[in-house]
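Consider the two complexes below, in which subunit A is the common component and subunit B and subunit C are the respective partners.
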Partner chain A sequence: MLRFIRQRSLSSLISLIGLLVLVFFLSRLTGDPAALFLPVEASAELKQQFRELHGLNDPIMVQFGRYVGNVLTGDLGESLRKARPALDVVLEAFTWTLWLAVITMTLVAVAAIVVGALAAFRSGGFFDRFASTVSLVGASVPDFWVAIVAIVVFSVHLAWLPTSGTGSLAHWILPVAVLFVRPFGIIVQVVRGSMIGALSSAYVKTARAKGVKAGPIIFVHALRNAMLPVITVMGDQAASLLNGAVIVETIFGFPGVGKLMIDSILQRDFNVVLAAILVTALAIFLMNLLIDLAYALLDPRIRH
Partner chain B sequence: MRSSVKLGVLAVGALAAGLSPALAASGPIKIVLAEEADLLEPCMATRSNIGRIIMENVSETLTELDVRGKKGVVPRLAESWEQTQDGSWRFHLRKGVTFSNGTTFDAKDVKHSFDRIMSDKNACESRRYFGGMKVDVKVVDDATVDFKVDPVQPILPLLMSLVTIVPEETPLEFIREPIGTGPYKLSNWTPGQQIVLSARDDYWGTKPQVTEATYLFRADPSVRAAMVQAGEADLSPSISQLDATNDKTDFSYLDSETVYMRLDHNIAPLNDVRVRKALNLAIDRQAFLGTLVPQDAVLATALVPPTTLGWNPDVKVFPYDPDGAKKLLEEAKAAGVKVDTPITIIARTANFPNVTEIMEAIQAQLQEVGFKIDLKFVEVAEHEGYYSKPFKEGRGPIIVAAMHDNSKGDPSFTMFFKYDSKGTQSGFSDPKVDDLIQKASAAVGDERAKLWSQLFAYLHDDVVADVLLFHMVGFSRVSERLDWKPTIATNSMLQLSEIGIK
Partner chain C sequence: MSLSSTENAILPEPHPAARFLRMLWADKFALVSALFLIMVLILAIIGPHWLDDVAVKQNLRGRNLAPFDWSRDWFYWLGADALGRPLLARIIVAAQNTLMVAAGAVLLSSIAGTFLGLVAGFSSPRLGQVIMRLADVIMSFPSLLIAVIVLYLLGSSVLNLILVLAITRIPVYLRTARAEVLEIRERMFVQAARVMGASSRRILFRHILPVVLPTLVTLATLDFAYVMLAESALSFLGIGIQPPEITWGLMISQGRQYLTNAWWLSFWPGLAIILTTLSLNLLSNWLRIALDPVQRWRLEMKGGRHG
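On to the complex of A and B.
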């Protein structure tokens, strides 16, 4: 098992380094941050000085060498826009994103597995049709629309919840609910499909013949075997949340890493872009590792 | 606990106001802005996302421009000023003013603030207003300071409305906790979430009614409108036109932004004045008002809004005359001008509301009279590449659709950059224009206004420098408990002391 983790870590490390090198050069291809930090009317001297202050005048390989040196000593540089350490800026934002992702995915996992499994058990029945329709709508509806409608209904008209922002538990309800919709829709469909396969297998028929009750058949025998594809899809969905839920963050004024990343790219705040990619890539790597471990736990064929 | 204390304070405040109606109400307010301030650096306050929060709230200036009345440049930290024999300016400073860190304001602070802006240890944005000038600041005594400027600057008092004063101890590098002499001090800044300013007890001026202002940031305009409607915020300086439906709370205002199309006169066929005139006559500007552009927008005859010094009421908007445009194009064609060369309009994605539709409609109207027009949308950074010099070699005829902001009251902040031969965004070179800009910049009083007026007429009627379109309007949503209306300065500054509480 340890060898497995080591191997995975090594290959992830290589792709992480490749990613950082690529982003370093690609981001510099977009142009000069001075042109965006200073207004169009600013003089050439002032722009020159801005570049000088931030070491942007050096040849790109010198900048790269300095960057590598700094990263190795744990220094990810300063944000050009915010005049504070890039890593601080990113970690602040990432904490919000992480909580948003963890809460949403936990709720999604529980709800989607229960609904999907029950739908599969009486495939074609009323509950199945109802769940399929709901999940199809959930997987297809655009989240910015859900978010705006939710604000109009629950905050403006009913005045039950705050429109946006942070500060209390109530502030989390709308963003989490909006983020919940799509992964829930997708995962219900996967669970249902995978469970229908498992429920028609020989060991389930045997269990039924032995008189095992419906509950244990679904949740003990079939579900464990149906979980492998579900975990893969859940990993995908969680990764997209960890990258930052840009639209939900923007609408609800949630200070997460997605909006930070987009803003930094648009403003050419290179150090923040690189730090944000480093942090989210590490998080996604860790999550993939957990998924691999979950596979190994569920499937003895992988374990051995 | 905290909110109940606040409620208690509010209740007591309300009670006091109820008992003695002569006493104006006061209390905290919440303001929701579109864009967060990434820095709260006083010398960057000329950038709107920063200035809106700290300008004249935390950091004050020697002078300020009166945008509500029409008094021009009025005193703030300077009580008076005069120009001496040699053309330098002497400012007499207000006494008994303290910074929020307790130190006393004097002439040394003024000198340091200015030197800091000009220092090479930072990239202070306000420095751009002093380009090409040699400024020598001399402390005469605690309450007097001299600015010797070469060449002599007739509008130095106006320029001083852009220089925020910081205490002498402020380091030259960017700071994160602004200290100022203003009516408010920064009391909380949680990046990504909120900025809180609280009123100072030891402020030198009149005590404002707003005791505390919390700034929140939401990028989506309908969320900002919803927040004021739901009572989560009291004021949103900018909401979208679509949401501005309640005439009790939603107000439109001329926001000092002007939309225009910059023409590159260096490349044929845009080097021909008939072609440039034809472009102007082919566009039905009036048809945009109330459709794609807000009803209250004003058709432009200059790149600066009508509240600016020297704005010329005698210059008339080009009429919509497609036949006239066709005729001009034929004339030009007969004279050998290649009028069917494809011309590219470069526009910036999301530059202003409906920019895509507006540009497509203009493209169609120009094609209607016989122009060949391509339309290209680019991101901000690429747009800047087309807009500013050096222009690319080997380019075709290019029109850059852009939006320009001048809320400063004087055209000099615009004219050199946009029209002088050496201006970074100027698309042509005309000695008479250069001469007028130089003369007007150096003139004072009525003479100054007259020269600017002359320049506006010459640019519009004779040079046909560009295609001027609209002075844009913005929309604010203001809670009914506040007594406040947006002005032309609202884009760049939001003085809390001007906000009344009913």
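On to the complex of A and C.
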């Protein structure tokens, strides 16, 4: 087990380094930062001075070395917009997104597993067809469209929920509900497919023959073995929840990392963009690592 | 997946096309989806030539015209936008950009991803590891965010949009292709081909690729829906396709500010997206069964007439 963890950490470390290189060269792809940060009418001397000050005249490898050094010491530059360390700005926003993601993913996991398992148990029945239709539609709708339709219905016409911002519990309902739709649709389908396979296996038939009740059969015997593909998909979905978060946060004015990134891009606050990329990527790496470990814990075959 | 043919050897083999049509007939959802997609495809191809003038003609007296006014020309039946341009005509014209971006991205990413996956699965373990780590780097970051950043840096155009979406989707095909190759290359027919002196390239492309292909086709259908949603989201955020070009996502975003008094501006393009992605999902479900020799009988039995 320890060897597995070590190997897995090592390979994600390699990926992380790859990402760092990518981010750095992405930041240089914008062209001359001096032209980016200084006004158009800045004089040549001023540009030269700026380059000197930020070490932009050094060879690119030296610059890269410095960048890596800074990242390792947690120094990601200043936010131009807020005149605060970029890392602080990003971490603050990231906390909001993390909560949004954790709440949504927990709800999705519970709901999708229950619905998918029940649908699989009476496969072909009314509930199964209902659940399949709902999940298919859920997986097909654009989240930004759901978001604006939800605003029209629940905030404008019914006036039940606030349109945007944070503050009360009611502010969380629409963002979470909108984020819920797509992953729910996708995971229900996976749970259902995987459960149908597990329920037709020999050990479930044995349990049935021994008179075990439906509840324990579904949720104890079959589910544990059906979880492996589900966990993989859940991991992917949790990562792409950040995709949805960009949209949902922009529409609902939610102060998370997705909105921060869009705002920073539009306002050319490049240090914040880079810091946000790095922090989200790191978070996703950690999550992928945890998923692999969970996988190895659940399935002894993978450990070897 | 087993390779053994389930065909009855005595019956004459029907023509593959006829066989697929019969299997499509057996699944009515897939049939309707396929017909709908063909319709969308035809509209996307002829739409801009046919309706471009109508779709850009402003008519300020018809601003935010409500839908279902049957007395007007048919392209006003879904209402008009804030400049009085007919929504139905605009949706038809926008289908071209929407589908073109998605098709381009899916085509590029599936070809590149499949190729890399085949190589990663078949070549030396070291090269395979390098390719897989590259895929990890791409996968480890939400595709929408990569797209947002790259499009911001490179400027957004149809081509850039296609490239960015393609790159973010490569790992999907890469991982699937590699996983399949790893399993298939241990099979007897591959060993046999090697013993008979076939080159690696021949084994990879003539023996292994045909076995992997059905899975990848199914995946590509599903991914088409995903990419379409991603493009719509980017255009919605204002980082994708720029006006005066139109896509469905952009139409939704343009209608957003009139939501409270003219819901139809955003509603119809949204519906167009949903129906298309839904059809793609249904078709992909059907393809998964139809292209799998082990499961195919489910559709052939339902079709009746022929066993």
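Here is the rule we use: the second predicted complex is superposed on the first by the 254 of 304 C-alpha atoms of A that agree within 3 Å, B and C clash if a C-alpha of one lies under 4 Å from a C-alpha of the other, contacts with A are read in each partner's own complex, and residues count from 1 in each chain.
The criterion applied here is as follows: contacts are C-beta pairs under 8 Å (C-beta built on N, C-alpha and C of every residue); 3 or more make two chains touch, one makes a residue touch a chain.
Every value quoted in this text rests on a predicted model; they were computed, and no experiment measured them.
In the superposition on chain A, contact of A:82 is made with subunit B only, not with subunit C. Of the two partner chains placed around the shared chain by superposition, subunit C is the only one that A:285 touches, whereas subunit B remains out of contact. By the touch criterion defined above, A:215 reaches neither subunit B nor subunit C. Once the two complexes are overlaid on the shared chain, A:59 sits clear of subunit B and of subunit C alike. Contacts of A:124 after superposition: neither subunit B nor subunit C is touched.
In the superposition on chain A, no contact is made by A:74 with either subunit B or subunit C. Applying the stated contact rule after C-alpha superposition, one finds that A:152 touches each of subunit B and subunit C. With both structures placed on the common chain, the touch criterion links A:250 to subunit B and to subunit C.
The intersection of subunit A residues touching subunit B with those touching subunit C, taken from the two complexes, comprises 30, 148, 151-152, 156, 250.
On subunit A, the positions that touch subunit C within their shared complex are 11-12, 14-15, 18-19, 22, 26, 29-30, 136-137, 139-145, 148-149, 151-152, 156, 239-240, 242-243, 246-247, 250, 258, 261-262, 265, 273, 277, 280-281, 284-285, 288. Residues of subunit A touching subunit B in their complex: 30-31, 34-43, 45-46, 49-50, 53, 79, 81-84, 89, 92-93, 96, 148, 151-152, 155-156, 159, 162-167, 250-253, 255, 259-260, 266, 268.
Against subunit A, in their complex, subunit C makes its touches with residues 129, 133-134, 136-137, 139-145, 148-150, 152-154, 225, 229-230, 232-233, 236-237, 239, 249, 252-253, 256, 259-260, 263, 266-267, 270, 273-274, 277-278, 280-282.
Taken together, the subunit B residues at the contact with subunit A in this complex read 38-39, 41, 47, 120-123, 125, 127-128, 131, 174, 176, 191-193, 216-220, 222-223, 226-227, 229-230, 232, 379-382, 384-385, 387-388, 413, 417, 424-425.
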